[in-house]
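Shared between the two complexes below is subunit A, which has subunit B as its partner in the first and subunit C in the second.
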Partner chain A sequence: MRVIARSFLAFLRAAIGVMVQYRGEIFLWAVWGLINPTVLYLMWSAAAESNVDQTLAGFDRGQFAAYYLCIMIIGHFTTAWDAYELGYFIRSGALSPKLLRPILPIWDSLAQNLAYKIVTLAFVAPAWAVFFFFVRPAFEAVPWQVLLGIVAVMMAGALNYLLGYVVALVAFWSPKLDAVGETYFGIAMIFGGRFAPLATMPPILYDIAWVLPFRWMFAFPAELLMGRIASLEAALSGIGIQFAWLAAAIILFRIGWSAAVKRYTAVSG
Partner chain B sequence: MSLRPLKLIWLYFKVNIQNLAAYRFDMYMRIVVSIMHLISELMVVWIIFTGTQNVRGWQWQHMLVLVGVYRMVAGGIRIAIVPNMRKLLEDIREGSLDFALMRPVNTQFLISIREIVVYRVVDMILGLCVAAFGCYKLTGQLPLDEAILFAVLLAAGFVIVYGVWLILGTLCFWFIRVQNIEMVFWNVFEAGRFPIVIYPPGVRWTLTYLIPLAFITTVPAAALIGQESMLTPNAPIWAILMAVAMFIVSNRFWRFGLRHYSGASA
Partner chain C sequence: MTQIQVDNLCKTFRVPEREGGFRASVRSIFRRRYRQVHAVDHVTFSVERGEIVGFLGPNGAGKTTTLKMLSGLLHPTEGACTVMGHVPWRREPAYLRRISMLMGQRSQLAWDLPALDSFLVHAAVYDLPKRQYQETVEELIDLLDIRDVLKKQVRTLSLGERMKCEICVSLLHRPEVLFLDEPTIGVDITMQARIRAFVADYNKRYGATIILTSHYMADVTALCKRIIVIDHGKILFDGRLDELSARLAPFKVIKIDLDREIDGYDFSSLGDVLLREARKVLLQVPKRATPTITDRLLRELPVLDLTIEDPPIEDVIARAFGQRRSSDENPGGEATAASGKAGKEFP
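Let's turn to the complex of A and B:
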C-alpha cells in the first residue's frame, strides 16, 4: 500500500509538470467543457421563455443557469479519457513498459487525470466565476446540500473515471475501436442529464436514465448542489447508490483487467 | 482549360478508395458512430419539444430540418476539408510539405484534394433525409422549390468553412504547434446545432458577421424551410458575399504564408 501511495505521488508530480509545460494545449481541451454547457443553457432558457409561464419542467431561466453551471463544474471534475487513450497505448506498444512496473497502469493514468484537473482549474475556475456573475444563476442550496454536493461530485468523479477505464479495457480485444469510447460518452451525455435535465425528459427516457449509472455522475450532484434535492434522505440515499455503483465498477475492473492482461500480446515496440 | 485538375481529383479519389478498402472494419464502425450521433441529436430535439411547443419561433419540424442540415454540414466538412487540412498541418510540422510544393500544379489546389474520406457521404445522405422529413411534416410535401437556394447556400457554407480552415492551416507556417486548432473549430461549430436566434443579441451578431457560423447551418436550414421570417434580412446575399470574400481572403493569406515558408527540418 505504501509503495502504491509513494509511486502515485511521484506519478502525480511528474504529470503536473508535463501538464504545466503543455498548458496551452491542455487549455483547449478544457474549452469544450465551458462552451458546451453554455450553449445548452442558452438553448434551454430560450425554450423556457417561449412557454407562457416562463418555465419548463419546473425550471425557469435562473434555475437552468444554476443547473448548467453545476454541470460545467461537475463535467470538469468527472473528465476521463482512458476510453480513447488505452487503445492507442496498446496499438503503439506504449503499454508494454507500463505493464512492467510493479504497480498497475491505472495508477499512472489516474495521476494524469488528477493532474489535468488540478492544472486546468486555473483556467476554468475564473470562467465559472464569469458565468456566475454575468448569467446570475438562481441557487437555492443550503449549507448541508452544498457539503453533501461536494461529496457527491467527488464520488461522481471516481465513478466516471473507473467506469470509463472498464470501457477502455475493450481495447485489449479490439485496439482500434474509438467507436466504443464515443458511444459510451454519448450515452452518458444524454442519460446523465448533460444535454437536458432529467425532469425535462419524456417518460421512457427518464425511466431508462434511472437504471443506468450516468445520472448519479452528473444530474444527481448537479441537482444536489443547486438545491433541488430537498430531503436529506434523498441526498444520502443518492450518495449510497453512488457507492454501490462504485463498488460494482471496482469489481468489474478487477475481473476485466485480469481477463484483459491475459489476452495481451505486445504490439511492436 | 485543360482536364488535368479533374484527372488529379479522380486519381486521389481512387487512391483513397483503395485505402478505405484496407480498413473496412474501422469504416463500418465510424458509420455506426455517425448514425448514433444523429440519433442523439434527434433525441435532444425530442426532449426539448416534450416541454415546449416552440423555441423562439422554431417548432420541432423546423428543428428537425436544422438537425439534418447540421449533420450534412458536419459530414461534408469531414469528406475533404478537415482531412486535407489535417494533412497540411502534419506536412508543415514534419517538413514533408516540400514534396507537395515541388509538384507542377497549383499548390492550394493540390493540398485541398489529397484526402477524400468517401464514406462520410453517408452523413450527408442521412442528414438530407432528416431535413427532408422535417420539411415534409411541415408542409406535407418535399421542398423542391427551395432546393436550389438551399444547395447554393449549403455550397456557400462549405466555401466559408474551407476559407476558415485554409486560414487556420496557413497560421501553422508561423505557429507550428496548432494541431489542437481542430478542437477549437469543432467547439465553435457545435454552437451551430441550434438556431442562431436562441443566442443573446451580442452573441448572435458575433456568430453571424465575425464568425460566420449562422451562414453555415441556420441560414441554409431556414432557406429549406422556406419561411421568410426565419431568415435574417438579405441572408442569401450576405452568405454568397461572405463566401466569395472568404475564398479571396484565404487564398491571399495562403499565398502570403507560402512566401514566408522556408521549409521545416529536411
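Let's turn to the complex of A and C:
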C-alpha cells in the first residue's frame, strides 16, 4: 500500500506537470463541463416558468438553478475518460510499457484524472461562483445535508471513475471503443439525472433509474446537497447504496482486469 | 544457474482477414473469416545467468512475441516458462521489479516532460530508496552521457538522445533480466556502437541476463556469444555465433586478385562464382574442399593476392531463412544443405 501511495503521488505530480503545460486545452475542456449544465438549466427553468404555477415536477426556477449548479460541481468531480482513452492505448501499443510496471495502470490513470480535477479547479471554481451570483439558486440544505452531500460527491467520483474503467476494459476485446463509451455516457446522462431531474421522468424510467448505478453518481448527491433529501435515513441509505455499487465495481474491475490482461495481444508493440 | 527456462512455448493469434475491395468489405459484415497465426510454435530453450543471447529472425518471425511472453505482457496459448522462478504472465510485482523490457519503438518516458521527471516516477513505482536512486541515476547519466538532455522535454530530443534516456529509465531499478527489443532501431551508427558498449558494460557490472532482438547484425555480433535464430515461430538454430556459419553455411569465400586478365578459365567448376571482374574473382566453395581448390588456383593462375573468409553472417542468416522457406514450400523434396544435422537447428 505504501508503494502504491508513493507511486500515486509521483504519477500525480507528473500528471499535474503535463496538464500545466497544456493549460489552454484543459481550460477548454473545463469550459465544456460548464456549458452543458448551464444550457440545461436555462431550458428547464424556462419550461418551469411557462407553467401556471411556475414549477415543473416540483422544481421552480431557483431549484433548477440549485440542481444544475450541483450537477455542474458533481460533473467536475466525477468526470472520467478512460472509456475513450484505454482503447487508444491498446490500439497504439502505448499500454505495453504501462503493463510492464509492477503497479496496475489504473493508478496512473486515476492520478491523471485527479490531476485534471485539481488543475481545472482554478478555472471552474470561479465559474461556479459567477453562476451562483447570477442565477441565485434556491438551496434549502442544512449543515448535515451539506456534509453528507460532500461524502456522496466523493463516493460518486470514485464510483463513476471505477465503472467507467470497467466499461473501458471492453477495449481488450474490441479496441475501437468510442461507440461503447458514447453509449455509456448517454445512458449515464439520462438515468443519472443530468439531462433532466429524475422527477421529470415517466414512472417507468424513474423506476429503472433506481436500480441502475447512475442515479447514485449524479442525481442523489445533487438532491442531497440542495436539500431535497429531507430525512437522514434516506441520505444514509443512499450513501450505503453508493458503497454497495462501489464494492460491486471493485469486484467487477478485479474480475474484468484479470480476464483482460489474459486477452491482451499487445497490438502494434 | 539457469535463469530462463522455456518449454514448448506457443502463441497463436486469431487474425481476421478478408480480400481487398468494397464487396469483400460488405461481405465481411455478415461473415467474418479468421486465420490462426502461429506466431511462436513450440519454442524451447534455456538461458543461464549472465548470458547475453541474441534473437535473430526476419519480421514476423516470433522474436518480439517470445520476449513479450517472457516479460509477462502476453499469455501463451500453450507451453511453460519460468524466469528467475517466476511464471511471467502471472505478472507478480515481485517479478516485474526484477526485469525490464526496452522496446525500441515504444516509449516509457512521459512525452511532455523532461526525462528526469520520468526517472522520478520510475523510482517511486519501483520503490527505490532515495540514496540508491541517486547513485544509480548519476552512474547511468555519466555512462550514457545524457546530463545535457535531462532537462529537455522528451518530445524535443533526437531519437538517439531519447533512446539513451529510455535505456537509463529501464535500468534505474537494476533489473537482473533485461529484454531488449530492437534497442538501436533508427539510431545512427555511432550511437548504435555506444549503446552496444553500454549494454555490454551493464552485463559485466551487474551480471544481468540479457535477451536481445535486433535487425542489426552488428548488435548481435558485438554483444552475443550465443544466438537463437527464429523464423515462422520455430527455432532454426540455437548455439554459439561462431558455430552458426559452420553449421548453416559450410562454405568459405575465396577472394582472388589476379595479376592480369585471364580468359577462358572455368571458375564455375570449382564453386559458385559470386563475382567475376577483369582481375577480381569471388568464389564460394565447400569448406572441406577449400585447401585443394586454393592449391589449384595458386598453381594454375597468376594470383596477386588470395584471401579466404567466412561468408558474412548476414548471408548465412539469409541463407538459413531461404532454406527454411524452400523446405516449407517443398516438404517432400530434397533435403536442404543444413537439414539433418545434429543439434538444435532446422527441426
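To be clear about the criterion, the second predicted complex is superposed on the first by the 269 of 269 C-alpha atoms of A that agree within 3 Å, B and C clash if a C-alpha of one lies under 4 Å from a C-alpha of the other, contacts with A are read in each partner's own complex, and residues count from 1 in each chain.
In this section, contacts are C-beta pairs under 8 Å (C-beta built on N, C-alpha and C of every residue); 3 or more make two chains touch, one makes a residue touch a chain.
Just so we're clear, the structure is a prediction, and the values are computed from it rather than from any experiment.
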Clash or fit: subunit B against subunit C, after overlaying the two structures on subunit A? fit
Classify the contacts of A:L42 with the two partner chains as first (subunit B alone), second (subunit C alone), both, or neither. first
Is A:S96 touching anything from subunit B or subunit C once the two structures are fitted on A? First, second, both or neither. second
Quick one: is A:G186 in contact with subunit B, with subunit C, with both, or with neither? Answer first, second, both or neither. first
Mind telling me which of the two, subunit B or subunit C, contacts the most residues of subunit A? B
Which partner does A:L56 contact after superposing on A: first (subunit B), second (subunit C), both, neither? first
One more residue to check, A:V3. First (subunit B), second (subunit C), both or neither? second
For A:Q242, select first, second, both or neither according to whether it touches subunit B, subunit C, the two together, or no partner. neither
For A:A196 in the superposed arrangement: first (subunit B), second (subunit C), both or neither? first
Give, as a whole number of angstrom, the minimum Cα separation of subunit B and subunit C in the superposed three-chain arrangement. 5
Starting from the residues of subunit A touching subunit B, keep only those that also touch subunit C in the other complex, and list them. none
How about subunit B: which of its residues touch subunit A in the complex? 25-26, 29-30, 32-33, 36-37, 40, 43-44, 46-48, 50-56, 177, 179-180, 183-184, 187-188, 190-191, 193-194, 197-200, 203
Subunit A - residues contacting subunit C, complex: 2-3, 6-7, 9-11, 13-14, 17-18, 21-22, 93-94, 96-97, 99-103, 261-262, 264-266, 269
Which stretch or stretches of subunit C touch subunit A in the complex? 13, 64, 68, 71-75, 89, 91, 93-97, 99-101, 103, 105-108, 110, 112-113, 117-118, 120-121, 123-127
Subunit A to subunit B touching residues, read off their complex: 24-25, 28-29, 31-32, 35-36, 39, 42-44, 46-51, 56-57, 176-179, 182-183, 186, 189-190, 195-196, 200-202, 205
